[in-house]
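Letters A, B, C, D and E mark the chains as written, and numbering starts fresh at 1 in each.
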Amino acid sequence: MAKGIEVSINEKSFVFDALKQGIRLDGRKLEDFRNVDITLGDEYGYVDVRLGKTRVVARISAEISTPFEDRPFEGLFTVSTEISPMASAMFENQRQSDDELLISRAIEKAVRRSGALDLESLCIIAGSKCWSIRADVHFLDYDGGFIDASCIAVMTGLQHFRKNDITVSGEQIVIHSVEEREPVELSVLHVPICVTFAFFNPEGVEENIKGESNNEIYIVDTTLEEDLLKDGVLTVAVNKNREVCQISKAGGLPMDALTLMDCGRKAYDIAVELTNQIKKLLEADYKRRNEGIQYKLRAENDRITVE
Amino acid sequence: MSEQPELKLVDFPPAVLARISPELSLQRHLAIGLRPNLRTFEEFKTVQINDGGLSRYSSTNSNNESDVLGSSILRSGNTTVICTIRGGIIEEDILGENNNEDADAVNAIFAKDKESIINQENLIDSAPIYPIVEIERGRNGPPTDEEMNLSQKLYETFLHSKILSKSSLKVKVGLKSKNDKNEIEILYNDENSEFQLGPKRSWNYILYCKFKIFSRSGPLFDLIWISLISALKQTKLPYAYIDENAADIKIPIKMTGNFGTIREQYAITCDDEKFNNLILNNEEIGYSSNFGVISLDKNVSNNNEEDEKKMEIDINDENNDSILLVDLEGEEEEISCKNLINVVVDSKGENLKSLTLTGNIDKSSLQKAIDLSKKRSKFLINQEI
Amino acid sequence: MSTLIIPGDSIPINQKSEQLIGPGLHIDLNTKEIIPINSGLLQNGNKSIHIESNSKRYIPQTNDYVIGTVTGSFGDIFRVSLSNFSSSVSLSAMAFPNASKKNRPNLKVGSLIYARVSNADPIVDIEIECIDPTTGKDGGFGLLEDGFVFDVNLAFARNLLFDANHPILKLLVQKCKFEIAIGLNGKIWIKTDDLKYTLACSKSIQNCQSVTSTRFKEIINTVFKELGL
Amino acid sequence: MSTLDRRRILGPANVKPLIFGLSSSQSKQENKIEEEEEEDINSQISKTFIKTGLITNANGSSYLEYNGNIISVSIYGPRPVRGTFTEKTSLDVHLDDNTETISDLLNKKFCNYIENNFTTVINLNKYPKSGISIFINVLSINNFQKYKYKLLSLISDATTIALINSGIEIIDIVSSTFDLNSNTVISFIKSNEIVGLLSDSNKIYKDVNDFNKIIKKLGNDSNIVKNSLINYLMSGN
Amino acid sequence: MSIQADTSILNRVDGSATLKSGETEIIVSVSGPIEAKPRQELPTTSALDIIIRPDIGISTTREKLLEDKLRQVLTPVIIGILYPRQLIQITIQVLQSGEDKEYTSKELSTIINATYLALIDSNIGLKVSFAAESFAISTDDEIITAPSRSQLKSSKSSHIVSYEISNGKATKLLFSDSIGTFSENQIYQILDLAATKVEETHQIFRKTIQDKIEKDFIWQL
């Protein structure tokens, strides 16, 4: 699979033996999601997510553009997920590998097609002017979990981002600078969170299909080492309203349906926890910024009073 | 085996040596005060340029259906550069800062907070051109790195030179309508001041330039820059008009519970005959020159002792064993010269527009290079190409 | 005494005595000057001078002990990867003790081997061998079975290999019995009787890279405790 | 956004191309004169300007100018082809239209025509494991709608000269001629052997004789073209 | 102006560094020497693969030209003959460009500096140290060192200068690029000023490298 990375027989059997005993190399339990460390930038829509050693930065930006002809009432939303060799030399520049394709599809499905961003709210003048929102995901360091990390980064970024306020007058648009008017947030309808599971079959494929033992193992949020050895993968995107936004298991090890249901429930628990973490973080950031503004306004401009 | 293998000296003809050891070949040439292309160290290649007759406005062009607005064909040595300028029209976003009624009303509220823009020389008023450079090399495929870098360097240098102002590219839109006698006529603003088209819309020309290069023999930026300037000087912008019947239509639409109107996209037609010259900011126009700085390999020159005297005449610099080569050409010079200077000097020779120094360039070489570029810029201006 | 040296700095060369020039120093082909090409600590001894620096990418040098993974075989040659994304090196099937046309070593793709770099000229294919050239015996080289392999920084690996009385190894011996192979390519193989102990040992070694030697004991104890040992 | 081209500077989106209004009466008159001239092959030849070997990094090249049409053809090869072994030379033709008037479809058609013309003429067996590339650059076109096949005949002639300039062995000179009324281009070798023919006439011919007449006329013209090409080449230019 | 630098921040590559210099923030990774693809391989020296990615949007010819300029800086500095037929892959991610798309001087100077630190971190052989600085000339002919986004926007010209650094002193010019409208004298002034400015910057980097080495060999203490 990953070109250039060699996994020895020794490592493989060691990892499998450990999993059978319920041990993971980084000391986690099988169902543990790694700690997520989210940092917000000074700039709106700049989010730095660390998931263990994995690191992803998302930048949200907005510009005024023309809507698609067949969708005059909707703004544009693009997610760009190009992986450079910075994350690992296994990724080639500007040549999308299968892994990369899978990652960008999963993010596309979870974030864009689930309607997390209200596109109609981005319309300015029907058919001629709209906001075009762009999420650039930069993959800096790879230790598995790119789908989950970038989903967190994009969704946090969308909620954190503020676009310039505008005034529409007839056919003209006045864009107000940040100093002039408080920028406005995007209308985010719900927050899908991706959770990826990996399946292992220490007994061999035959045992998996014919046997009765059901000895397959599933683990949450794999590291790269685990990722290279997995036999199957499942990604679930779910929001805290218990709505599943996508569920994809592209081939791989056949799994018991009940196990998949179990994964769904696990994903929900993790999603709730992460949603709350993001919410708290955004609230703290809002508070910090507002304190700054109040101070600034009081000092410089006494004509505006702040509630 | 007792016999010692004998070492034999092999002689290579100059053309072969140039390929297998370009550095040595160049040093041998320089040691006798000559360059492989037979020019002296500080001699520029001559440049011949004409409008090529590719533009619809060219007097020598029998083809007036072409959509080329300006062109030039340049020959320098074996190299040919063909430059064609084309246009497009884009509707300008009228943002609040523009002066007109609607915006004024909005702006009035915020006017106090707005810092006024004093500087007219701002980059924001400079218009870009969009270049595509194609160097014929007998292969098909996506643009090479050199083509991409040349395009981008040209784009940046042009934009920052402020040779073309955005205001020069404004389309003064006329209106085509039937007059009282039921004849079709086109009204333009400058002829009939009464006429005014919906104040809310405004259009600009966009200029594209395409370069086709044959027989590349050295760095190309200088040549494409000269051919661009020459082509722009020839460039004319047509008058343009809107058909009255199509003016300001709004089409109501309804979709999934939304109501709204979509603005008609006007079809703008260019006048077949009437045109204006493209106005350039002549004082900003400059010309580009390139130099290589190379140090003489003393081992090579010592081998040719009989030529020593000749060399001393050519290199009259006091201390220096590094020499300035003007207008690099040929594989030997391009491979061997690691220290490069590229200068664009404006027409008066007062200011520089662009300067790129690669490698260890000493001040005296730089001074000399800038001096030579100024002289050359003046020369090219006087040549009125 | 060691001082920080970075590229561009002058090197205090002892003109009187002959010194061997070691890693991190390079003789400029044009100026014939000895220049530092890496950042690190200058080790200026009587007989040799070099810069001690750390890195992650292994560049093979003759006589280095390395751990590699077999990636394929072509005829009598095995291809072995010493580090991810680096050019693979060759291991002849004949470079084993008692090897003959009939007695080929049993190596599969993914097998782990401990070997010595026998030829490291960067212009040709780099070769390794699983034989001690002085004795013709295995000398500890060969197939590494079971156990676990993990990566450490190159400077740390050098330190572990060359110091037989390394405090970390001494501390680990007190915890359990283990077999260890240390490759200068930053790979360490370790094997104990129990999976948990193997994991604990490898974690201990990895974690000790980023602490002062005074804390080795504390780190090792924590790791073993976390695994319930 | 698949339309994005990160290798070229394309400028803003939403730009409309320039569309010029109808031609004025003046140019129509000129066209008439042209049409008359179109009948007279000798006067055409006298107005044609040819030069060879201008492009130094190609193995052969030609430059042809006639009545507002400017064509440059460069030949690269025979040069080694990587990978598969081929017994014969592979020939490929590329047409780059600097005027942006030739549609992609016609571009392909033109390339095919030239390729077919010259595969029959070039001694392909002489250069195994090699490839010859013909790069055609159309720099200026006069009244493409009406004279598109005239342009093709000029391209064909320019290619012949470029090939001769490159020293690649060819069986005979290909000379091409054009008939306006039937909108036909025919390429001949030897005495009146047809190697290529393209006709886009709207007319329906009453009988075969009609078409035979055209072939005969173009055949005669082509001999004149051929002779003048030979004359040019003999003049040592 | 504030400079924050850090090295060895990424796990999967051989060398890495972040550099925040005023409004501009860059992260650089270096992998190498690694196996080159056959089309990249050079017989006697190492191939340099340079990738620059913008903070917003996909990379275009703008980044391509920046890559070319960086290559001009690095080619004479990296001792390629140590790694024949190998590849050195340098990936640069702009996190915050700190300037409008029409300008590149701030990005390029920060990229050069961050790449220096990443190369040091990767232990790839360098002939000499180097550093870069950006400048602008304001409309009233004042030379501004490390201009802000708005200063750059209202400037007449923008410049970037990079020097080789030996024993803490700027010695030879490596690369310089200027664009806009400026006089011959101003360029000499900037070249002189740049020499002192890059020496100041280098002092900070020396400290960064010192910290790195201490961290690398912490287990010796």
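As a working rule, a contact is a pair of C-beta atoms (placed from the backbone, for glycine too) under 8 Å apart; a residue touches a chain by one contact, two chains touch by 3 or more.
The UniProt protein names, listed by chain, are A = Exosome complex component RRP45; B = Ribosomal RNA-processing protein 43; C = Ribosomal RNA-processing protein 40; D, E = Exoribonuclease phosphorolytic domain-containing protein.
Quick caveat, the model's predicted, so the values are computed rather than measured.
Q: So, comparing C-alpha centroids, which chain is the farthest one from subunit E?
A: Checked the centroid distances; the maximum from subunit E is D.
Q: Farthest chain from subunit C, going by mean C-alpha coordinates, please.
A: Ranked by distance of C-alpha centres from subunit C, the top chain is D.
Q: Give the identifier of the chain nearest to the protein's overall CA centre, each chain being represented by its own CA mean.
A: E
Q: Would you say B-E or C-E is joined by more C-beta pairs in contact?
A: If we tally the contacting C-beta pairs, C-E comes out ahead.
Q: Just how far, in Å, is the C-alpha centre of subunit E from the one of subunit B?
A: Chain centroid spacing, subunit B to subunit E, equals 28 Å.
Q: Rounded to a whole Å, what is the gap between the Cα centroids of subunit A and subunit B?
A: Inter-chain centre distance comes to 44 Å.
Q: Which integer distance in Å separates the CA centroid of subunit D from that of subunit E?
A: For subunit D versus subunit E, the centre distance works out to 51 Å.
Q: With chain centres defined as C-alpha means, what is the inter-centre distance between subunit B and subunit D in Å?
A: Centres of subunit B and subunit D (C-alpha means) sit 31 Å apart.
Q: Hunt down the residues of subunit D that sit against at least two other chains at once, touch-wise.
A: Answer for subunit D, listing residues that touch two or more other chains: 7-9, 14.
Q: Among the residues of subunit E, which are close enough to touch at least two other chains?
A: 13, 31, 34-35, 58, 61, 64, 164
Q: Could you tell me which residues belong to subunit A and also touch two or more other chains?
A: 4, 89
Q: So in the complex, which bits of subunit B are touching subunit E?
A: Contact set of subunit B toward subunit E: 119, 121-124, 145, 148-149, 151-153, 155-157, 159-162, 284, 338, 346, 350-361, 363, 366-367, 370.
Q: State the interface residues of subunit A toward subunit E in the complex, per the touch definition above.
A: 4, 41, 43, 46, 53, 55, 57, 59, 61, 80, 82, 84-89, 93, 134, 136, 138, 140-143, 224
Q: Which residues, counting only subunit E, touch subunit A once they are in their complex?
A: It comes out as residues 10-13, 27, 29, 31, 34-35, 49, 51, 53, 55-58, 89, 91, 93, 95-96.
Q: Would you pull the subunit E residues touching subunit B in the complex into a rising list?
A: Contact set of subunit E toward subunit B: 61-62, 64-65, 68, 72, 76, 102, 104, 139, 153-154, 156-158, 164, 172-184, 187-188, 191.
Q: Within their complex, state which residues of subunit C touch subunit A.
A: 69, 71, 81, 84-85, 108, 110-112, 144-149, 189, 195-196, 198-199, 203, 226-227
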